[in-house]
Every structure is written in C-alpha cells, then in structure tokens.
Amino acid sequence: MANKNSNKSKIIYTLLAWTISGMIFFPILWTLITSFKTEAEAISASPSLFMFDWTLVNYSDVLNRSPYFDHFWNSVVISVGSSLLGLLIAIPAAWSMAFVQNKRTKNLLMWMLSTKMLPPVGVLIPIYLLFRDFSLLDTKLGLVIVMTLINLPIMVWMLYTYFKEIPHEILEASRMDGAGIVEEIFHVLLPIALPGIASTLLLNVILAWNEAFWTLILTAANAAPLTAFIASYSSPEGLFYAKLSAASAMAIVPILILGWFSQKQLVRGLSFGAVK
Amino acid sequence: MGSITLKQVTKSFGDVNVIKPLDLEIKDGEFIVFVGPSGCGKSTLLRMIAGLEDTSSGNIEIDGNDATKTPPAKRGLAMVFQSYALYPHMSVRNNIAFPLKRAKVAPAEIEAKIASAAKILNLGDYLDRKPGQLSGGQRQRVAIGRAIVRQPSAFLFDEPLSNLDASLRVNMRLEISELHKSLATTMIYVTHDQVEAMTMADRIAVFNGGVIEQVGTPMELYRNPVNRFVAGFIGSPKMNFIDVKPVDGDPTRSIGVRPEHLKVTQEQGLWTGKVGVIEHLGSETFLHVHVDGVGTLTIKDDGECPLQYGDQVNLTASQNKIMHFDKEGVTLASLSWGDNAVVAQ
Amino acid sequence: MATTQSRTLARIMLFPSVILLLAWMIVPLCMTLYFSFLDYNLLIPGNNDFVGFLNYEFFLTDPAFIESFFNTLWLVGGVLLITICGGIGLAILLDQAIWGRNYVRIMVLAPFFVMPTVSALVWKNMFMNPVNGLFAHFANWLGFAPVDFFAQIPLLSIIIIVSWQWLPFAALILLTAIQSLDREQLEAADLDGAGPFSKFYYIVLPHLSRAITAVILIETIFLLSIFAEILVTTSGGPGYASTNITYLIYTQSLLQFDVGGGSAGGIVAVIIANIVAIFLMRLIGKNLED
C-alpha cells in the first residue's frame, strides 16, 4: 500500500513546499527582476514578471551617480576586517576554554555570551561620546572595533564548540612529539579545525555585513557601509524602484551566496549551541 | 638509556588523592605493565611520567636526572595513545616525520628514519595515505612508528590495544613484544587487561585505589599474590573465593582456589555441588558448580568434558594450591593452616 | 590535561578576550548609569547637575514610553507568534520527502541574509506603497481600495516585514531539531496506532520544546533591539504609533541630545533585556552540561 500512497503524498507535499517557499522568496525575486526594468515599467499598474524589456541601465546609473563602490568597499573592510581581527582574539581564548577547562570555564563562557545580550541602546550614548572624543565617528576603524566586539562572543562560542570536538590526545601527542605551544596551534590545532574556523569567519562576515544599528548610527558619508547607503534610499529617491532594486540587489547578492554556503553552521552559531 | 625512578610521587585533584605516595624503580630496557581496574590511577601515573599531568609532590627521575618539572617535549619519552592520536590532516609519512621535524633533524635523515620505521612496521604501502583511510591496526602501527623514529629513552603505552578487535589485539600484542625484544628500550604499558599484562610484561605493577598492591614478574604474581585483590586480578578465569568461619588461633577468614586447580573427582572431595552452566571452549571447559553454603565455583576442566547440566559432582584441590587470606585480605604464609575441617563445609 | 604551565598559558590567551569584552560591557554601561542621574543635554551646556532619579521619573511617566513599551511588546510578541507557528509548519513540511528539497531550503532561508535596510525598503516601496506597491495593484485589480500600510497599520506593517526576516531562522532551527528526532519513536507510535495529530502533539512537539524555547529567547533578544526597519520605514510614526523602546531612546539621545534621559531609557532597556537573557542563559547553561 505504501508506494502509491507515499507517491501521492510526495506530490502534494512537493507542490505545497514549492508554493510556500516561492512566496517567501518572492520579494527577493521581485527585487532582482525589478532591477532590470525601466522606472516606468517598475511602477506599472499591470506589472509583468518576465515580459518586459530587460535593461542594465539601473545598475550603471547606481554605479555612476553614487559612490556605490566606496560603500561596497566599506562593507568589505568592516565585515572582513572585524571577522579576521575577531578570529585573532577568539582563537586563543577558545583554545584555552576547550583544552584547559576548570570550574570557571563554563561561567566565563556564559558571561561572554551575556555581553551579546546587552541591548545596544544601553551603551549607545557612551559609545557615541567616546567615538566623538577619539575621532572615531564615521571611520572604518571605529566600526571594525565595534563589530569585532559585538561578534566576539559568538566567535569564541563557535570556535569553542568546534575545538571541543578535537580529541585532547592529538594535542598531547604533539606535545610529546616535541611541539611547543605555537607549533601545537599552527601545525596541529588550526589545520584540524580549519573547516570550523572557516565557517565561523563566514558567519561573522554575514552578521557584520548586515548589522544595521551601529552602522547607521556611527557613520555618515565617509565610512558608511551598504546598510547605511541603502538607508539613504528611504528618502524620495526610494520611489525610483528600479534603481532601489539594482542597489539592493548588489548589496544582498554577495551575502546571499555566502549565506547559502554556511547554512549548516548558521544553526550552530546562532542558537549558541542550544540546538545541535 | 631509559631508567625511570618514582620517589614518593603523589597526585591529587582538589581533595581527592588519585595517587598516594608511591615509589617505583623502572630499570633500563624493562617492559613494565601497569595493570588495575579503571580509576585505579594507572593512566594518571603514566601521564605524570609523560609530563602531561603535574606531579603534586615527590620526584620523577629519568636516567638519574630530576624531570618532575620538565615539560613533556623535553623528557625524551614517546607515547602511544589509546585513540592513537594521529594527526588527521597529515599523511602517514608526515605523521611519522612530525617529531623529527620538531627536533630539527635534517631532511635526508628524516627520510631514512621513515623508511626504516616503515620497514619494521610494514607501512611501506601506506606512507602517502591519511590516517582516516587506514584500519585500526594500521593506525596503531603508524602511532608506534611515530614513537620509534625519535629513539626515545622510553615508550609509554596508554591502553593501546583497547580499540582493536579481539584477533587483531592478539597480533598487535605479539608485535609490540617483538618490538621490545628488538629495540630493548624501556616500555611502560598501561592496561586493564590482565592477559595483556601476563603475556607481555617483564614485570607487572598491580594498581588499586591509587596505590601499587604488588610489583613482580607475571609468575611471581600468579604464584604468590600478596593479597586477595592481586590474587583475584591475576589469572583467568578469576580465582574462586570462599569465606570461612573463624576458628580460634587461625587468622584465616577466606580461602582462594584458582579454577585450574580445582578437580572433579569420583570419591568424596572438599566440596559437593550441582553443575550449572557449562562453557565449552574446545580446548578447555569452564564448569560453574553451585555448592550449598559456599556459592558458585568455577572449574577449568579438559576440553572433552562429559558432564551435563544438573549433575552432582565432587570437587577437590591439593592443599598447596589453596591460598588463605586474613580479614584484611592479606595472604597468609601457606604452611601454618589448620585441619581440613575449616576448609570443608 | 592540565599542567601548571598550560594553565598559565590558558590564562594569558584568555586575557585579550576577557579584557576587551569587559571594557566593552562594563565601561560604557557604568557611564550610561552615571549619565542617567545627571541633568545632561548636549545642546544646553551647564553643570550637568546630579538629579537623582528624575530622568527615570520623566522617562517612565512619559506617555511616549508607555506607548513604545506596548509597541515593543506587540512587535516582539507578534513576530514570535508568526515565526514560531510558521516555522513549525515549514519545518514539518521540509522534513517530508519532497522533490528539490535543497532548492526549497535555499529559498526559505534567503530572507535571513537580506540586510534589514534592504528588506524594509523593498517591502515599504515595492509592496506596501499605497500607489505603486504590488499590494495596491492587487487590491485595485480586485476592486478594493488599497491599504496605506504605514499610515493605517504602521506597527503591523513592521511586524510583517520583521517576521519575513526571522521566519527562516525559526524554520531552520526547528527543522534541525525535527531531523534529530528518533524515527523509531514515530514508527513505534505508528505501531501503537497513533494518528498524525497525536503523533505531532505527543511526540514531535515535546521533542521541539527545547528548540522552540531557544528560538523564542534568541529572537526576543534581537527583536527588542529592532531599529533599522523602523528608521527607514516610519521613523517611529505616525506620532509614536510605531516607536519601540530602542527607537525612542535613539530619538531622545541623538535627535534631542538629552543624554540624561536617553541614558535612563538605556538602563531601562538593559533591565528588560536582562529578564529575557536570564532565561536564555539558563537554557544554554543546561545544554553546556550534556
């Protein structure tokens, strides 16, 4: 009996799943499509999904009329820079907690996570004033610092869970084989943990790329990443749908692609290990 | 050279004393086995000798030099771990080369040493594979290869065979013994398996609760265990223990007979009982006989045993094979025991 | 493995992370706490007198606070309701044998990777705009008057946008949890004659309870701080109709330059977030033990 029935239910479930996921994905698809329309077609009262004159004019307009590349570059520097800097600080800490555990390790880990739960408005004013006094407002350096700090707990946490899976004996073997701590980390720990480190890096690039509190508050023209650049379209410019779509597409596509690669690690990183 | 001396060595985690003050002298070239139930401190002591654990007090001397505070890398010892602890991202060749590279050995010499280790351990065909592509036995060989190329003053083995299946274990046991004969380097071998201890060791140290109960050659431990614990731990199947009623002037509180020393007889013996489960192993037979007031006794009999479940049998053992223990479980000198009445029901 | 040496080393290697996070958390938080007791406005240079709990009194009795407090509750509660229910449904659906599951998964996951400013603007202009938005076109086509989303139902509109962003997160976590369910349990239930609903209610849902709790707590932490979506769509309006606490503090601090009042608000926000955080930490802490 199973075969006929399960084939039928497979068809039903497939249709249902594709319909629902298509609806969820539609706003992104629509943005991508609109970015190839002319402004007139974009606001047409009888919008068309595919039957229109495809054009790249919006992309060239966005690139020519606004310093798009500057903002793109700011996003790259801030997200990649903060993630690399974060790794540099987080790897030693995760090593310590995973391989030299004591009674306080768990509390320390929890405390680090708790800093992630501090609402940004709780420190908004001091950070703003400190940045003003240290001339860090609207600088990439300032944002790299902030992004590193807000994502550091997630990085330490993710690396900790990856390192925990490496058997202690392998590190002890390297010690018996005459490796010092630096050799132990570079020749043994890092190569073994490379996949985990890569996905930690990836997830943090994504989180930093999309961060939209501090990037909006601490930047103006110079250091504004894409989040802030796109926010500027909330003014009447946003009514130019095709251009808004083109700018949006360029801001989200790179990270969408990275995101699809890291979907498995996402669960681990974002649930802080509560779901495995 | 590879003599290791432990002087009043202790280890405590907080309030828990894992190793109580302990002295042991391990001679150069000796194969010594630390054996005992899990949690007896044998692995901890091995890791202390390796330098992977701190020593709480006392001294560890390697070749006459105090090495208590020396980091593991500088002790000149090699270790084979239970999980083999191979570097998963390196080929077999690089695994074996790793300690040599750390010691800044010249590349040509490294190649030569890898080649000779590969020959000894039959690894020639696997040198360019990763550990993940090897079977358990092959991984074990790589781990040993990584240890021997350094020409350490002593090898430390931490239950190296416990992850292998039974037949492979027998083979590796022989190979390690063979290796010891040809290298003549000190080996310290930790196991919970008394068969491994008996078959491989020059000397065995029996651990229990953080102390060494007895050190000696396998046959010394078998013939003259100092107490009930050692008597029960060495030998398979386990020694039968029978509690006896105290008699004035006789400190004996229990006696022990090894299964291989119990005989099934026609005439009246020391005990009479009913045969329970019979385990035929082909070359030998284990009988489990229920004796009223004593419990179940295990007997090791010939391969061809005609007895059936439920048969009534008489059991006996020669007096010089029966051990007597006092109320602390200490073995009593075997000459002074009283009459047979104590032994029989 | 623990020798004195490695323990010392571990302490040294932990040091940078601990110091940086300590500096990031404690220093500004203490400053906020200090400012919250001062009469301190950047536009009015003065002595920055100590005013006790006056800032708190003003902040907590401000009708804007009351309104934004409830807006925050609605926002968090609404998004949680939509994403949890939708997430469970999606997780069960994606757990079935379907063709092209990987593509479906990718499509469902996509909104999570869209930066908040983009998703808010795309929804605001291309979907919810009362003249040119797709919804307006659709309503006209059906013969209804289009809804002016951000004028008539500003908070609900924001709830819809944020739910769209967070639905993938809930679905993904719950799907992962469902996939870890022991299939033999379901087969045993089949043998016991359980129907689909009793299987869901007695087996799947209890199995998911931990993951659901995790999603609720983690989302709450992030949803309490929703900011960009409000900034680029309604700017908190009309009036305070779509202002949440985070946005209210932002306007007080950086638009009205009232450092004292904004700081008092910040402390209030920290206290609210802490209540959620304590539950979340318990959950994670339990998990650390197994």
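Each chain gets a letter, A, B and C, in the order it is written, and its residues are counted from 1.
Here is the rule we use: a residue touches a chain if its C-beta (ideal position, glycine included) is under 8 Å from a C-beta of that chain, and two chains touch if they have at least 3 such contacts.
Just so it is clear, the structure is predicted and the values come from calculations on it, not from any experiment.
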Chain nearest the overall C-alpha centroid of the shown protein atoms: A
Interface with more contacting C-beta pairs, comparing A-C to B-C: A-C
Interchain centroid distance [CA atoms averaged], subunit A/subunit B, Å: 54
For subunit A paired with subunit C, centre-to-centre distance based on mean C-alpha positions, whole Å: 16
Whole-Å separation of chain centres (CA-atom averages), subunit B against subunit C: 59
Per-residue multi-chain contacts in subunit A, two or more chains: 172
Multi-partner residues of subunit B (at least 2 other chains): 51-52, 71
Multi-partner residues of subunit C (at least 2 other chains): 1-2
Residue numbers on subunit C that touch subunit B, as the complex places them: 1-5
Subunit C to subunit A touching residues, read off their complex: 1-2, 6-7, 9-11, 13-14, 16-18, 20-21, 24-25, 27-29, 31-32, 35, 90, 93-94, 96-101, 104-119, 121-127, 132, 134, 137, 140, 164, 167-169, 172-173, 176-177, 180, 210-211, 213-215, 218, 221, 224-225, 227-228, 231-233, 245-246, 249-250, 253-254, 259, 262-263, 265-267, 269-270, 272-274, 276-277, 280-281, 283-285, 287-288
Residue ranges of subunit A in contact with subunit C within the complex: 6, 9-10, 13-14, 16-18, 20-22, 24-25, 27-28, 30-31, 34, 43, 45-47, 89-90, 92-93, 95-97, 99-100, 102, 106, 108-130, 148-150, 152-153, 156, 168, 171-172, 181, 206, 209-210, 212-213, 216-217, 226-228, 230-231, 233-234, 238-239, 241, 244-245, 248, 251-252, 255-256, 258-260, 263, 266-267, 270-276
Subunit A-touching residues of subunit B, taken from the complex the two chains share: 50-52, 71-74, 77-79, 81-83, 85-90, 98-99, 102-103, 146, 150
Subunit B-facing residues of subunit A, complex: 167, 169-170, 172-180, 183, 187-188, 191-192, 194
